[in-house]
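Next come two complexes built around subunit A: one with subunit B, the other with subunit C.
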Partner chain A sequence: MNLDGDYLLAATRQEVWDKLNDTEVLKECIPGCEMLDEISANSYLATIRAKVGPVNAKFKSEINLRDVNEPESYVLSVKSKGGAAGMGEGLARVKLSEQENSTKLDYSVEFKVQGKLAQIGSRLIMNVIKKLSNEFFSRFVGYFPAMPDSAEASE
Partner chain B sequence: MANDTDLTDYIGHSVPRANTLALLNGRGQFVDDISLPGMLHVCFVRSPYSHARILEIDKQDALQSPGVVAVVTGKELLAYCEPWRAELTHLPPMQTALQYAMPPERVCYQGEPVVAVVAESRALAEDAAELVEIDWEELANVASIEEAMQSEGPRVHPEMDTNLAWSMELEQGELDKQFSAADVIVEQEFYVDRQTGVTLEPRGIIANYNSADGQLLLHHSTQVPHIQRAVYSKQLGIKESKLRIICPDLGGGFGLKLHIYSDEISTAALSVMLNRPLKFIADRLESFLSDIHARGHIVKAKMALTEAGNITALQLEDVAGGGAYLIHPRTSTIEPLLVGVCTPLAYDIEHYKANVSLVYQNKVPTAQYRGVGMPVASLVMEGMMDAAARKMQIDKAEIRKVNLRADDAYPCKSVTGETLEGLSQHESLDRLLEMCAYPQLREEQQKLREQGIYRGIGLVTVVEGTSPSPALYAAGGAPISSRDACTLRLESDGSIACITSLTEQGQGAYAIINQIVADTIGVKMDEVDILMGDTKATPFGGGTWASRGTSIAGEAALLSANAMKEKILDAVSQLADAPAEQLYIKNGKVIEIETEKVVLTLEELGRITHYRTMEFPQGFDPELVVTNHYSQRDHMMLYANCAMCLTLDVDINTGQVKLDQIWVVEDCGKVINPMLVDEQIRGGVVQGIGSALFEECIYDEDAQLRNGTLADYLVPMAGEMPDIKIAHVETPTLVTELGAKGCGEAGIISICAAIMNGINDALEPLGDVSLTSQPFTPEKILKAIGKI
Partner chain C sequence: MKPYDFSYTRATSLSHLYDLFDEYGDGLKILAGGQSLITTLNMRLSSPEMLVDINDLSEISSISLTDNIVSVGALVRHAEIQESNDIKQHVPLLKLAIEHVAHAAIRNRGTHGGSIAFADPAAEIPACVLALNATLVLASREGERRIAGSDFFKDLYDTELRENEIIVAIEYPIAKKNTVSAFREFTRRKGDFATAGLALNGELDGKVLQSLSLVFFGVANTPVLARQVADLIVGEPITPSLIEKAQNELANEIEVIGDLYSSEEMKLHLSKHFLKQALEELQV
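Now for the complex of A and B:
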């Protein structure tokens, strides 16, 4: 399953990059994030609580950054284990490009789920992932001044 | 029935069933309604992967969770339940894998249970199950039938060289010669997706082991208590005499509740381990993952015909997707076996070859589900008939008439060696064509076509295998009884206790036995009370499967009722000093034939028999208890026949199919209760509407089920049910006194093919369109006609 979109942020590329790499900021932005620790360079452990239809679970997630090309792009891979709820795996490509007075953030996500999460159907999962990404970005956008024309997203 | 209040003439009449009132009043008792003192609840941690190795299980957090009594892994349960290998030895060799109650090392399908959590409530057990930490190593999986067949690539069971579980070749006649001499050759490939059973009441078990006396009592939602007891006894190491299975009310079986399930047998083993009563009820999400699935076939078929439309040869190749294991104790091979055996049964075909096989996949096992292979056999055969009719421009009723055996051709052997004892296919088809006014249907179709309405007429003539002999399963070593029995006992008030090995799933078994016993003895139906589903109380028997209840358990009931009648008359003749042959029973009264005088009532006989035995002559002690067994051993199956026609409309813009009317003519031999036969037919038809139009288990490339909820997996609803008109032809079987054959699967066997044929018939004006992939969804229809 795939999901992509972009956001315009009223900040320089370096400023956006720094926030994207700030564990405190990420912890605040990831919905349901109860813990986020950097365990080594570009490697994190997180605990995230999420509800997908009837499945309510705590996901232990390993997050790794690769192909890091500061301040332009990285690939973020996530492996989440939710016990009886099943597991999820995702790959997010994030790209920052400089615009006039702003930075454009493009993202594309590929993910797959297994176990109970898969069983309850892509219909639910897709909406949940969309909702979670919208929540993430709406919080993330809050770290920057509002865009003059408030056109923050064109997904 | 006439108004004569003394009449007890029930056989052949639509008598309402007595045991449904409790269900209507909300007083049914299902396994989940039962609660035992000290009972705990079991919940299972199931594999999220379709194929993975279990590296480590950390149950510490789960054990600390409130209300938790035990957290048990597959390794720990090994000491309480022997693993098994499903196999039937009378068929070509099977490649079979060892199965555990819960696998100690490796899971083979998504949803396979790996850890059991036992707690004071189901909710607490579920909470704790979420805390069980498992380290997995994901393994390469086999999802589709095509992948399973590849010579290279992943194996479901690494110890095997291939994923082929079983294969068989059936061949008769000179195929090559017939194909090279054929006027016309038709070829089609059929795809039948997986579906599942969706019983209203999910699977469930309460296991209560008592170490003080070594008895294990199971309250179990099963169709086959004695068969389950034999397998549980062997795997758990508890003597059959110490293992009692009680089946309370059952909310649907359909073959789904015939098999050994990991979660259920684990619950029994855990009860022995913990010496406590335990309950496990599958919830709906678990049911989708762990109930057997059914079907899953790719069939290639090729047929040769003469210019006149006579079939000269048929060849088919069926590969069925079996899932991760052969189901125990029946194995999953009977589904493809019956495709091979039953496909050519309906027609006079002399040259035939079938290669049928079953492959392993990392999916839940497929197994016996209503119709077992026969809905696929008829889909193929009837699909080929219509394809030939289309190609040769022959009417679809005509091509069937040309190829059906004459009604006086019986008994005869089919090309696959089956004895067909007596079928009425021409008579049934003629009745059907008259009932549906076939020529007018075709005229109407023509008119509707001119108005741009895509009306289709689907016609099929099928043969249904029922009432198997021991040759089908037990000959291969499986503990599957094809025998049934009935015990009758005269109570002290003259009423009759009837104890049968048959079981009730809602199909009306209770009523049928009630009718046969009351009618045969000559008492009112409410004088006969029936006990079923208790291995400690009932005689041994096979229970409910393969449309055998009426024909086999009904025959046992008839034999017992006849014997009871004789015993009653003999006892009365001792009291009344009249010869037994001069007496008969009418509405609970023993009457002298000549004088029409009441000699004694059964009520008085009961009192004398049980309390005042001194009234009998010295030396005579009445034994008013009888048990008779019956097992059908004359033929592998008793074959019934069914002809069906339907009309439907296809909306070529949306791909929606709207069923209009369905007509059925069924010959299941002697009809005991026409209303119940009609209910069986209608139930099968509606279930088959699900197969044909809606139901499919959608898996992704990781063999993960994507639609395992009732929101995503569609089943037929009231709105999809058209009017179903049913008529009967009665050709009694000669192997029993009762004369009944089975009727439980005719509906589902006929309807899928009838709907497919109806859709293709409707789309004929659009050119060479042939849908052969079940279910026939709007998407597939729109693709076939090039709309998407």
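Now for the complex of A and C:
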């Protein structure tokens, strides 16, 4: 399934890029992220606790950045294993473009889930991804000054 | 599958429950009817340290009627609501909705408070809480606080309920003489979670609605109150052209999220259809 959207950030493209590549920032922004370690260039290991309604499970995730085109775009792939709960795979394409006095961040996410999560969760996967994406970006936007016109996020 | 290991205690009073809140924090889960909780435990999707069974708390297990409210205890089973004359007479929307809640076996165990605390976006009772503007009574060691239904549901499975709190009662305003209600939902099989649904409550004088709440559920992360659509309809005679205008406004006002089986378009289509059906029903 797919989800996309965009955000306008009051910063230069380079500033946004730097934050997108800062493990401390990512760790703060990823909902439920308990640990994020860089294991090699563009490759990370993370522990993420997904806590949505009835589900409260810990996922071990492998995060890789590829097609890195500084300071414009990258593709972030995530593979998560949650033991008995199941597993998930996601791909997020992020693109930054310069605007007048701001930077536009476009993202599109593709994802699939397997196991128990998919079995009972298929009805709400889209809602969950949307909720987690909103949480991520609302925290990420907080690293930048407010946009003059109230930093409206369009989806 | 079998659940991960957990401990189990029966709460003997609310204050006993508060003690357990203090001891276990977010490792504690309240077991009421267990119709959603036990499934997720058995599937090992969550692993609480302590399950606290509240089924002995008779003080939150009954329906009572005062001058202008019907108070439903959190532990009242769906089946009791279905059989209750007070509900039938004074909270007609809830009576209509309860027939759609799952199957008889689940209604025998599932509780009113449990459904609201769980806050599934496709569930019938949270939608009624919103449509009827019920007041939720939340209790903790610090005492009770009352919160309007419209302020309770925050996001997917996310509510105003704090970790050390329990819903003890739900207070519904008593229906007036001119109160009208309608309830619609579409499910893939009878008793399944709703693909989309509508709970309507209002006051009708002649052919004109004096007040109206329209709540759509199964379409977003929480039940959604369509305020603008309701504003459009209130005070106007219900005509085919008004219904069409309302349907168009609905598409502007609510942001629908699709799922694997039903696209955004399908859910919106169903919502518009239910809006038309419900308004036409009121005209008769």
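Keep in mind that, in the parts below, the second predicted complex is superposed on the first by the 150 of 155 C-alpha atoms of A that agree within 3 Å, B and C clash if a C-alpha of one lies under 4 Å from a C-alpha of the other, contacts with A are read in each partner's own complex, and residues count from 1 in each chain.
Note that contacts are C-beta pairs under 8 Å (C-beta built on N, C-alpha and C of every residue); 3 or more make two chains touch, one makes a residue touch a chain.
From a predicted model like this one, the values you see are computed outputs, not experimental measurements.
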Exercise for the section: Classify the contacts of A:5 with the two partner chains as first (subunit B alone), second (subunit C alone), both, or neither. Expected result: neither
Practice task
Examine A:87 and indicate which partner it touches, taking first as subunit B and second as subunit C; both and neither are also allowed.
Solution key: first
Handout entry: Partner chain in contact with A:112 - subunit B first, subunit C second, else both or neither
Key = first
Problem - Common ground on subunit A, meaning residues reached by subunit C in one complex and by subunit B in the other - result: 54, 57, 83-85, 116-117, 119-120, 122-123
Handout entry: Contacting residues of subunit B [partner subunit A, same complex]
Key = 45-50, 110-111, 126, 129-134, 285, 288-289, 700, 702, 704-709, 711-712
Completion exercise
Listed in rising order, subunit C residues that touch subunit A in their complex are 1, 36-37, 39-40, 43-48, 118-122, 155-158, 193, 220-221, 257-261
Practice task
Spell out the residues on subunit A that touch subunit C in their complex, using ranges where they run on.
Solution key: 1, 52-57, 83-85, 116-117, 119-120, 122-128, 130-131
Completion exercise
Interface with subunit B, subunit A side, in the complex: residues 54, 57-58, 83-87, 112-123
